[in-house]
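A, B, C and D are the chain letters, set down in written order, and residue numbers restart from 1 in every chain.
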Amino acid sequence: MTALSESGLRRLWHGLPWALALLVYFTGGGYLGLGTHALVMILFALSLDLALGQAGIITMGHAAFFGIGAYAAGIFASHLSADPLLGLAAATLAASLFGLLSGAFILHTAGVTLMMLTLAVSALLAEFANQAHGLTGGDDGLQLGRMAPLLGLFGFDLWGKTAYLYALAVLFLWSLAAWRIMRSPFGRSLDGIRQNPRRMRAIGTPVWRRLVVAYGLSAAMAGSAGALEAQTTRSVGLGALSVLTSGTVLVMLVLGGTRRSYGAFLGATVYVVVQDFAAEIDPFRWMFVIGLLLMAVVLIFENGLTGLGDAARRALAGLPRRSGRP
Amino acid sequence: MTQPALAVHGLSKRFGSLVVAQAIELDLARGARTGLIGPNGAGKTTLVNLLTGTLRADAGTIMLDGRPIDALTPEARVRRGIVRTHQINTLLDETTVCDNVAIAVAERDGIAWRLLRFARRWRACIDEARSRLAELGIAHAVERRVSELPYGEQRLLEIAIALALRPRVLLLDEPAAGVPSLEAHAIHAALDRLPGDISVLMIEHDMDLVFRFAREIVVLAQGRVLARGSPAEIAADRQVRAVYLGRSAS
Amino acid sequence: MIDATILLDGLAYGMVLFIISVGLTVTMGLMRVVNLAHGAFAMIGGYVAAMLVGAGVSFFAAAGLATLLVGMIGAVAELAVYRPLYRKGELAQALMTFGLTFVVIASLTSGFGTGIKTLPLPAALGGVVDIGFRTYPAYRLFLVAVGLGLALLLWLLIDRSAYGARLRAAVDNPRMARAVGIDVNLLFTVTFAGGCALAAFGGVIGAALLPLEPFYALRYLVLFLVVVGVGGIGNFKGSFLAAILLGVIDTGGKYLMPQAAAYLFYGAVLALLLLRPNGLMPAKSAT
Amino acid sequence: MKQAWAALCAAGLIFGLVGAASAETVKVGVIATFSGPFARWGEQFQQAIKVYQKQHGTTVDGNTIEVIYRDDGGPDPARAKQLAEELILREKVQFLGGFVFTPNALAVADIVTEAKMPTVIFNAATAVVTRKSPYFVRTSQTIPQVTVPIAQWAARNGIKRVVTAVSDYAPGFDAEAYFVKTFQAAGGEVLESIRIPLATTDFSPFYERVLQEKPDALFIFGPGGPPTVGMINTWASRLKPAGIRLLCTAETQEIDLPKIGPAALGVVSSFHYTETVDNPLNKALWADLTAMFGKNTVPDLASAGAYDGMELIYRAVAKFGPRATGDQAIGLWRGMAFDSPRGPIEIDEKTRDIIENVYLRKVEEREGKLVNINFQTIPMVRDPWKDEHPE
C-alpha cells in the first residue's frame, strides 16, 4: 500500500465523525437537542482526556470546571450581555483561571490523594453554588434569557438548529486545538509526566508548573463545554457541578478510550445515545443497559471502544499494527 | 588551578538519628572521571540525591562552576547541567526510543512549553535525537517502544538521554548493573566515548568497570569519605580493603 | 457535659464511617483494585439482611448471614469479574466496577422498587442507656464498640498474622510471592471476599444512619472513598484515624458553627490532604 | 360465499379507516425522575397514572390517551429541556406533565410557551413556577401554602418558642422564611434558624444544639427520602424525651412513614394530602394502587398530583377532542373545580395554581400501621406568595 493512499485513508477517517455530525443536523429532526448535548459531552470528555489521558491527572472533580463554565455563561448572560460568543469567552476564562488556581494548590500530589483533592474541591464548589442563591439561583437553578443571535446573524431557534451548529463549531475548533496540543512538545512532555514524573524531573521538566498549565487548559475546555450546555439549553442547575457529572464524563472518556483521536467522541456519543434510548424503553432500568455495556467494553476491548475502531481499520486497510498512540 | 566543575563542602544529612552523609568534601575537575564506591548503605545514593537536589542537605554547600546551587530545585539543577542516570529503569516505556530523547532535547532547548508553532523546532529535536542514538549504536531501534527494547539498549538509551541534556556534570548510577555480559561491551564503549569536557561521577559496584573507567576513586563508608586517590592507591589502601574490598572478596 | 456528648457523637459517626469503609480499605487499599462497587456490595448486604429480618430472623443472625452471603458473592465476583481486571489498569477497573454498580442498582430497583428498604434495629439497640451524665442512644454505643472490635481484629489479622504477611507480599510482588509458594490467586479471592463481607457488614450495621435504597451504592460511595483516601491508601489504621478525625471534625463543627456546616466535611478533607499528601498514615510502598 | 367474504372485509376496512380518522392517539409526555436518588417520584407518578387509566379507561371518546415517560434523572434542567424538546418536536405530544423539581420546570417554561403546550406540574413546589409560563398549571402545592398553616397552628396551641432546621437549599429557605414570618406575626419567638447541608446523614450535632436552646418545638423541612428517616429518628431519640415537639410539612409523608417507624408517633404536620382522607376517590385510589402494585403501596402527594393532572388532561380531551390547542386547554382549566382524592380542589382562574384544603394532622398508629390522621381542615387555601407578590 502506498504512502499516499494510506494518508488519504487516514484523512477520510478523520473526516468521518464530522460528516456524521453534519448528517445528524440534516436528518436529526427532534433529536437535535440530544445531538447538541452529545456534542457538549464530547467536548467535556475531550477536556478530561487532556488532563487525565494525556497528563495523568486523576480527577474525580472535573465537573467543577464544567459547572463554572455553565454558571459563568449564565451569570454573564443575565447581567452583562446576551452575546453568546462573549459569554463563551468569559466562561472559558473563568474556568481556566479556577483551574490554574486550584491546580496550583493540589497538583503537588498524585494518585489517590489527588483524586480525593479534586473531589473535595468540586464538592466545596457545589456547596458554594448551592448557598450563593443570589448569584446562582441555588437549587432553583439559573434560567438564561434569550441569547442574542450568533455573530449578530444567526438567531437561536426553537428547533435547536443554530444551537447544534454552534456547538459543533466550538467543538471542532477545540478538537483542532486539542489535537495540536497533544502532539506538541508540551503535550509530549505531559505524556511523559503521566508515564513517569521522576524521569521528567530528571531531564529538567518543571513537572508541577507544566501540570498546572495543562490543568488550566483542560479547565478552559471544560468551561467551554459548560458554557455551551448553559447557552443551548438556556438553563443551569446544580447538577452541572455534581460528583455524578464528574463520574459520568470519566466513564464516557474511558468507554471511548483515552489518548485516542476519537475516544472522547465515540465514548460520549455512545453513552448519551444508549442512555437516551434505553431510558425511552424503560425509564427505571436504563442503568442496567449502560452497566452491562461498560462491563462488556472492559472485558472485550483493551482500550475502550476505539479498540474496536483500531481492529476495523486494520482489517479494512490491511495496515500494519500501529502502536498505542495515534 | 582551574576552578572545579563541581565542588562539595561539608555536606551533611541525617534522618533522625541515622547519619547518612557527614561533612562530605568532594570536587570534580572539568573532564574528571571519578568513581564512587562503598559498601551497601555507605551513603552513595544519598550523595547522588543530595547533588541532584532530590534531598535537601542539613548543612554544607554544593557549587557548580563556582556558584552555589543549594537553593535550586532538582529541575533547575538539571538545566544548570547536573544530570544523572538511574539505576532502575525510569524511561518512558510507552514512548518510542526516539521520542524519549527528543523530549529531553526539547526540554533542554526550552521549547517544551510550546503549544503552537512547534513543527520545525520539534523536527530539529527529532533529528538530534536520531543522530545521538546513532552515535551510541542504537539507530536501528529509534521507532520501537522502550518496553520492546532489550535491557542493555535501555541502559544505552538512558545514557543517550543524559547526554542530550548537554551535562556539565554527569552522575552515572550503576550504568551497567544487570546488563548481560554480551550487551555490556556496548555500554563500556559508550562510557569510553563520553565527551571529554564532561565531568563524570560514576557509582558502581562492578570493580572491574570502576577501575577501568575512573582516573580517581572516592570511597564512601558510613556517610563519610573514607579515602580518595588513583585506582592504584585505592587498591593498595589497607583501610579500604578492610571495610570494602576485603568484605566483597570474602 | 455537652462537649463530651458532641465528642461521643463525633466518635460514633466516625465509627460508622470506619465500619462501612473498612472493606474498601481492604479491596482498594490493600489489593489496589479501584473498587467502585464497594457501595453495591454494602447495599446488597443490607437488602439481604432486611429480607431475612422481614422473614422473622433476628437482627444479629441476619447481619451474620448477610455478611457471609455477600462474602460468597464477592468470591464469585472476584473470580468472574475482578480477576481479568487486575492487569488492566485503574481506569478499566473504575469503568468495570462502575458498570457493575449500575447493574446492581437497576436490579434492586426491579426487585424492590425505588423506595427505602427498612431494616429495623432490634429492641436492644433501639433504646437509650444511661451513661452517667445523660442518656444516650444504645445504637451509637454499639457502633463504637463494634468499630473498636473490628479495628482490633483487623490489626491482628493484617499486621500480626501470617495471612497478613502473605497478603502484603502478594500485593507487592505477586511473582515473588508465587515463587515462595504462596497461592496468590486463592489469597486474592479470599481477601476480596473478605472485603465484600466487611462492606455488607457495614451496610447492615450502619443502615440506621445510612438508609438502604437502590441508589445507596452511589450516594455514599464518595464518603467511603474519602475515608480510604484521607487515611492513606492501603493502611487500615490510617482509615480508622481518618474516619474518627473526620467524624469528630464534622460533628463538632456542625454543632459549634452550623453556618459553615456545608463546608466542614470537604474542608476537612482538603486540609488534611494538603497537610498530609500521602494520607494520615502513608503505606510504605506508595503507589 | 367468496364475494360475501370480500364484502365483509371491505366493509371492515372502510369502517376501520373511518374509525381511525375520527379516533386519534393523544400523546401525553411525562417528564419525571425515574432513576437515581429521587426515582421513587417517577414510580409514584407512573403508578397513579396507571390507576387513573384503569379507573377511567385509556380512551376518551374513542381517542386513545398514550402516556410517554421520560427520565430526567433528578434536578437537571438541561436534560429536562432537551426531553421537552424531543417530546414536543418528535413525539408530537399534546400535553406535558410531571416535573418533580423546580429547576426542571423552570427550564422548560420558555419552550412550553413557544410551543403553546398545555403543561401540568405534578409536583415542583416553588411558588414562582406557574408565573414562568402561561401554559403551566399546577396540581401539587406551593411550599408557603402548606407551611403557613403549621406555623399558625403552633402559635395558637401553646407553642411559644421554636427553632427551625431546614435543609440548606432553595425550598428549605422558602419554608424557613414563611414559617418564621407567620410564627412571629402570630406572636411566637424563633430562637434560631439552622440550615442543614443536603448531604447530612447524621443529624445529632444539629439536634444537640436545639436541645441547648430548650424550645417548645422544632420545625423541620427536609429534601424527602432517606434523610427524612434520620431527621425524625434523631428527634425521637434526643428531643422528644426533653418534651420538644416536632412540626413539619411533607416529612411524615405517607410513603416514608413506615420507613421511619414508631419514631414518627406524635409528629404534627400540615399538608395538602393525607392518605387517610375520607372520600371515595381516595379510597379507590389506595385500593387500586395496592391491588395493582402490591400491598405496601401507599398513595402520597406525588400520586395525588399525577392523578389530578390526568384528570385535567382527560377533561381537556373530552371537551376539545384529540387536537386541543394550548389556549383551549388552559382556558378550560382556569377556574376549574373538581373533587380530587385529597378533597375538593380548584385551579385558580388568575394564577393557574392550585387552591386546596390543607390538613393539620398527627402521626398515629391504626391497625398496626403508622398513618397521618387529620384533626383539622383549613379549607381552600391559596398560595400566599402570589397574594404577596402580585404580578
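Rule of thumb we're sticking to: a residue touches a chain if its C-beta (ideal position, glycine included) is under 8 Å from a C-beta of that chain, and two chains touch if they have at least 3 such contacts.
What you see is a predicted model, and the numbers here were worked out from it, not measured in a lab.
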Reaching chain C from chain B through chains that touch each other, fewest steps: 2
Most remote chain, CA-based centroid, reference being chain C: B
Central chain of the complex, centres being mean CA coordinates: A
Length of the line joining the C-alpha centres of chain A and chain B, rounded to whole Å: 42
Inter-chain centre distance, chain C versus chain D - centres from mean C-alpha coordinates, in Å: 36
Euclidean distance of C-alpha centroids - chain B vs chain D, Å: 73
Overlap residues in chain D, where contacts from two or more other chains coincide: 35-36, 39, 42-43, 168, 197
Residues within chain C bordering two or more other chains: 109, 114, 262
Pairwise chain contacts under the document criterion: A-B, A-C, A-D, C-D
Touching residues (chain side chain D, partner chain A) in the complex: 34-36, 39, 42-43, 69-71, 74-79, 81-83, 85-86, 89-91, 102-104, 106-107, 109-111, 114-115, 126, 132, 168-171, 173, 197-198
Residues of chain A defined as touching chain C within the complex: 52, 58, 60, 105-106, 108-109, 111-113, 115-117, 119-121, 123-124, 127-128, 130-131, 243-244, 247, 250-251, 254-255, 258, 284-288, 290-295, 297-299
Complex contact set, residues of chain C against chain A: 81, 84-85, 88, 90-92, 94-96, 98-107, 109-110, 114, 218, 222, 225-226, 228-230, 233, 262-263, 266-267, 269-270, 273-274, 277-279, 286-287
Complex contacts: residues of chain A adjacent to chain B: 180-181, 184-189, 191-192, 195-196, 198-207, 210, 213, 323-325
Residue ranges of chain B in contact with chain A within the complex: 52, 73-76, 78-79, 83-84, 86, 90-96, 99, 102-104, 106-108, 111-116, 118, 121-122, 125, 145, 161, 165
